[in-house]
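Two complexes, one shared chain (chain A), two partners (chain B, chain C).
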Partner chain A sequence: MESIELLSPAALREHPGLAVVAAIGLLLCVDLLAKLAGLQVGPLGGSLSVARLGSNLWNGLVIGLVIGLAGIGLSMTYSILNFANFSHGDLVSTGAFTGWGVAFVVAAAGSQPLGALVTVRDAGDVTPGAIGAHVLSTPGAIVVGLLAAFAITAVVSLAIDRAFYKPMRDRGGIALLITSVGVALVVRYLIQFAYGADRRGITASVDGDTLATPLGVSVTAHQLTIAVAAIGLMVAMHYTLQRTKLGTAMRAMADNKDLALITGIPAERVVAATWILGGGLAGASGYLYVLLRGTIQFDFGWSLLLLIFAAVILGGIGSIYGAIAGGLVIGLVFTTSTVWISSDFNAAAAFAVMILVLLLRPEGLFGGVSTA
Partner chain B sequence: MSDATAPDDTMVDREPDSALAAVLAAAKRSDLGLVVLTLGLIYLGATLLTFTDGLNSVVGLLRTLTFLGLVYALSTLALNLHWGYTGLFNIGVAGFMAIGVYTMGIVVRSPDPAFGPPGFGLPLPVGIVAGMAMASLFGLIAALPALRLRADYFAIVTLGLSEIIRLTLQSSTFDTALRETLGVGTGGGRGMGMPQNPVRGLFLVDGRAGDPTALGAAVFGTLGEGGLGISNNILIGWGYILVLAVFVVAFYVLLERLGRSPFGRTLKAIREDELVADSLGKNVDLIKIKVFMIGCALMGLAGILWFGSQGNVSPSPQFEPILTFYIFVAVIIGGSGSNTGSVLGGIVFAAVLFEGPRRVGAVLRDTIDAPTPPTFGDAVAAADPVGLLAYATDNIAPLQFVLLGLVLIFIMHRRPDGLLGDRIETAAAVDLTRREGGERDE
Partner chain C sequence: MNGDSADVGTDADPNESAGATARTDHTLDDEAMLRIRGLDAGYGDLQILTDVDLDVADGEYVTIVGPNGAGKSTVMKTVFGLTTYMDGTIEFDGEAIEATPPEEIIHEGIGFVPQTDNVFPGLSVEENLEMGAYILDSVPQDRLEAVYDRFPILRERRDQKAGNLSGGQRQMVAMGRTLMLDPDLLLLDEPSAGLAPDLVDDMFDRIDRINESGTAILMVEQNAKEALRRCDRGYVLVDGENRYTDRGETLLGDEQVRQDFLGG
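And then the complex of A and B:
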């Protein structure tokens, strides 16, 4: 395991930066333990309840799963198409809006005006309570919405690829990156044009939403749904990549494009599959993120993008397992950093971790294993 | 695709086939002529759009367009040094601008202000220099470790840094900590009032409305409310535009001189092939750090001249990453690597893509005699094209961004070198592509 070798004395001598980071990490761990024990040793320690740390960890895990899910697609396009896709965050928003439109229609088509449901409460005057979308009261609608988010975003991603990226397949990563900034603007503001700009509530509140409270950590039905759905999609992705011919072809393309082309892998079909799977997972993660937060706004995907990048970079670009692990790390940093610093800085802490990894270990924490 | 990227597509060498093309070709040979021609066309369009509303509206719109054009030109010139000359893919421009503006604000603001965060109370020039120095220092912090990274990683690091800067400036915790340690503050999410623009002091005694100086009285009497009826604030705005124009020229001259110096040739060599520059004994890392710091200082100055002149600044939405992308679009429109292209790109971007669509939308909206549907859903449900058009013209802001995105994609597809990208300066001091007899390269 390379991650263990990383901490060996020889490796630390070679990378003084890593040693500093490891020392700070160790210090934070000691501090955390002291806080939990309620000890005060000089500047270290203080008090922190197990319940608070537990809920930080659990919330971080759930957010991390969503970010990791979104990161899979970004990592795949990064490794197979060789560019940092800045429109990925807006694919996340696309999935959220279209998926929730479908979920609302399934949940309340008979009782509420269709226009308000399809536009995710932009048109008309319908409250989230009247629609009543919640996994406990309308589980069917939530599942159908998730599938719709995947399917519609996959189609949108494929269409975007055909229209904007296909004509420039032979161009460099930077040209594609700049194009993707243009695509991001187009997608984001078409969403704003069609769905309106205001932030609004989505999910209804239902009695008995908190399912269990192990160690004082409340586990809500939606958090559990997200964890199950995200892990399910990740496992499905794992089997697609490892067990199917298409998955093998995708891994081959990510690993060595020229070699893959020589062996007769149909490049365009692999690219299409990349967009369908990567875009679909982005859409699904956007839908799940809204289920977690309970609100939606046209540019939430864009503001998530840098966190998703952080996850992908942390895990090593090209590895979907790295993206998942990176997502979990970013999610945990995002929530547990509030133990030490003001919550004004939790996003900044996640970005700082990303920058540190880029500077100290640009191949990612797990050593740049491509899509394997 | 292929015909658009063919080398003979550059308009410079082609025989003009009409009078208009001849004028354009002549203007293209003279940089100043080109900028003046572009400004003239923009002024013409703006005048046509608003002349029915009277002189004050026309002059006011021209002021807005010129101000935006010049501040974008300043920012674009600074970014061109990074991206166009050296190939450093810096997408943290908004962060470096924020550093410049906030440092200037903190240094200059009164230690005991009526409202808002306290500052050090030093003179404005000290604040401007401090702002540039601080932006440059942050450039050094970003550049020292990050320059060894690949271009796309470098981009993500600078974007992440600019977001960290924005979130820090927005944080009330940081504001409190700063007040407790240094006795100055950032104002957190509420932002910070900027010191008075000295140009205003030229026209008005202590900047008070209704108390003009001798110069102010003369200008207001002939052009302003005592003469042609242009509002005093618009006239003061034009006074500031003259200052901005001087800075644009100064930036331009500085970058042109820098670009033609041996240092500049090294920059272009790094852009074209870093390995070669390194192999030829150039200290690539040191040169990159230097140029990154110079560019960041210019970005800080551009930020001060832009946002520092506008009363109040706050981290969001003014210094969100979208600002960086606006400036990038302007560089790409103009053609990275060309300073004239940068000025032109800034002006064209500000007028045609940034300010133009909303003005045109408003004018179009006035010609449509129908109520605006409250939402897009209602507009579609009514199945009335007039209602849909009314909704679209009333909600021109998102469509404007869609247009911006499409323009960016179109440029990357069809003309990745931008308007003047054919004039990108090569690292060589002599023109290596020059041929005898003007034969075509087919």
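And then the complex of A and C:
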């Protein structure tokens, strides 16, 4: 309904740029259809299998869910604590390393040296195959690891808040933002100190990993695990915010801090809940990201932060539903753009779409709909 | 009570005290529920209030009027700890509250409806009201029903977002939210501001009824004539200091007050 209004003749007259964007979008759609049909019309068309497009969409959906999950916490700290948290990406890394350390211990304690497992293969000489972490062979370890990633990152976030952000609470968003850049560096290099700097493999390969191939799109066990876990966590978050007293108080505080104060809502308890939930989800998303990629590196969360920010801003900063929607858009553009351009540029395509959306809808997709 | 002619609750003939324009000292009531003495307050280094005295007795309806920038709203915000407190005392039920943080004032039995941004726009009407009872373990359903009985339109709109309501309905949500705790004292900052003219009288009638049900009111109003006509007692605040204090009707009848503050 919104898009129809957006493309009405009046709207097009008012925003000529919109017409250009719509024309390009239409062109890409025609091109896509031509490619799928195997037609070559001048510069348009070519060939593209349904399986490849489907696979792009499915991969985009999965990575979009992970980015969206990470974005929820970023959006919440923005709306409730009023600052853009640049250490959020390193909370993503924190969850990944601590969660996988626990998952490895559960998967292979006894058969492999504990030091190698806890440090996620930094110490000792143990291969991912020897640990054998995979959702099909060690489902319990994968689930326990996810819970640990959530819990440990929640505790770390809360501790960081008490140590760094709480004393700065009344200094305003810019001071907190700069503090968070410092916190990001501290966390990132503590992770490097504890877990080492090299990129390494995490998950084992297992026969029968591809569960199904609808329309030629391979759906792996890990992709399915990620989709189920991410959607489950999002639904749980939705219910927490909409149906519990504390969640309603969080939305109230995001809406109007002064009013929340004089209504007797205990600000510090809401702040603590924000860090526990937002930090926990960041940690969980980092753990799931590694499950998707199969590898880990101490600064991957920092690299991912730009995409997470893009998702949150695209969706309308402050809204968790915007963060989810933005994550999906970024993820889908990230993967489907490879139909037209080299995968070296797919991040650029994601940012281009973000900029276009913001030009047409400066408040973001869900902007102005304050939902914490 | 000191038995002064202009004291709270006495039946002094307005004609007798007309023109007296008593200083607050003559009307101070040591028994008052809210008792402000020698209050200095402001924002940061900027002092707005100087040596302000103000009382509200149990069940009383008190208004503060005065020109723009007189510090009327600052008095209320200071009671709630939202300004920079500098000196003086604020007592409520005999207990000093000037150092009480804002989120705890509500536990004392004081509710506050700010002038603007007084609802949570993203929350439904019912969620707004429920947040009013946040400090209780569970939402008191009887009070929720009482609020809906008082403002029936809110019952119809209970699931709508408060941000989508009209100005008058938002004001009802804001008042309803504070009534969820059945406060002893309700602070109202310009409740008629921004309302369509035909709704202003209606809003004042609702405030009368809240007061009649036993809740004391301390109200700041631009609409000074109407406020003074309805209240028990009025304070005229000028440049952050007490200027006149008397029964509302008396202040309305006072030539000096009329000329200086009520536009003749």
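Here are a few things to note about the model shown:
Just so we're on the same page, the second predicted complex is superposed on the first by the 361 of 372 C-alpha atoms of A that agree within 3 Å, B and C clash if a C-alpha of one lies under 4 Å from a C-alpha of the other, contacts with A are read in each partner's own complex, and residues count from 1 in each chain.
Operating definition for what follows: a residue touches a chain if its C-beta (ideal position, glycine included) is under 8 Å from a C-beta of that chain, and two chains touch if they have at least 3 such contacts.
A quick note: this is a predicted structure, and the numbers were derived from the prediction, not measured.
Superposition of the two structures on chain A shows chain C fitting alongside chain B with no clash.
Contacts of A:L261 after superposition: chain C is touched, whereas chain B is not reached.
Contact comparison for chain A: of chain B and chain C, B touches the greater number of residues. Using the contact criterion defined above for the overlaid structures, shared-chain residue A:L215 touches neither chain B nor chain C, since it reaches no partner. When both complexes are overlaid on chain A, the residue A:A109 reaches neither chain B nor chain C.
Once the two complexes are overlaid on the shared chain, A:K245 sits against chain C while remaining clear of chain B. The superposed model places chain B and chain C at 90 degrees from each other around the C-alpha centre of chain A, with the value given to the nearest 10.
Of the two partner chains placed by the overlay, only chain B lies in contact with A:G173; chain C stays clear of it.
Of the two partner chains placed around the shared chain by superposition, chain B is the only one that A:A84 touches, whereas chain C remains out of contact.
Contacts of A:V186 after superposition on the shared chain: chain B is touched, whereas chain C is not.
The minimum CA-CA separation between chain B and chain C in the overlaid arrangement is 10 Å, rounded to the whole angstrom.
No residue of chain A lies in contact with both chain B in one complex and chain C in the other. Against chain A, the residues of chain B that register as touching in their complex are 1, 89, 145-146, 149-153, 155-157, 159-161, 163-164, 167-168, 170-174, 325, 328, 332, 374-378, 381, 392, 395, 398-402, 404-409, 412-413, 416.
Residues of chain C that touch chain A in their complex: 80, 82, 102-107, 112, 114, 117-123, 127, 130-132, 134-135, 163, 177.
Interface residues of chain A, counted against chain B in their complex, comprise 83-84, 115-116, 118-119, 122-124, 164, 167-168, 171, 173-175, 177-179, 181-190, 192-197, 306, 309-310, 313, 341-342, 344-345, 347-348, 351-352, 354-355, 358-359, 362. The part of chain A that touches chain C in the complex is made up of residues 245, 248-249, 251-252, 254-256, 258-267, 369-372.
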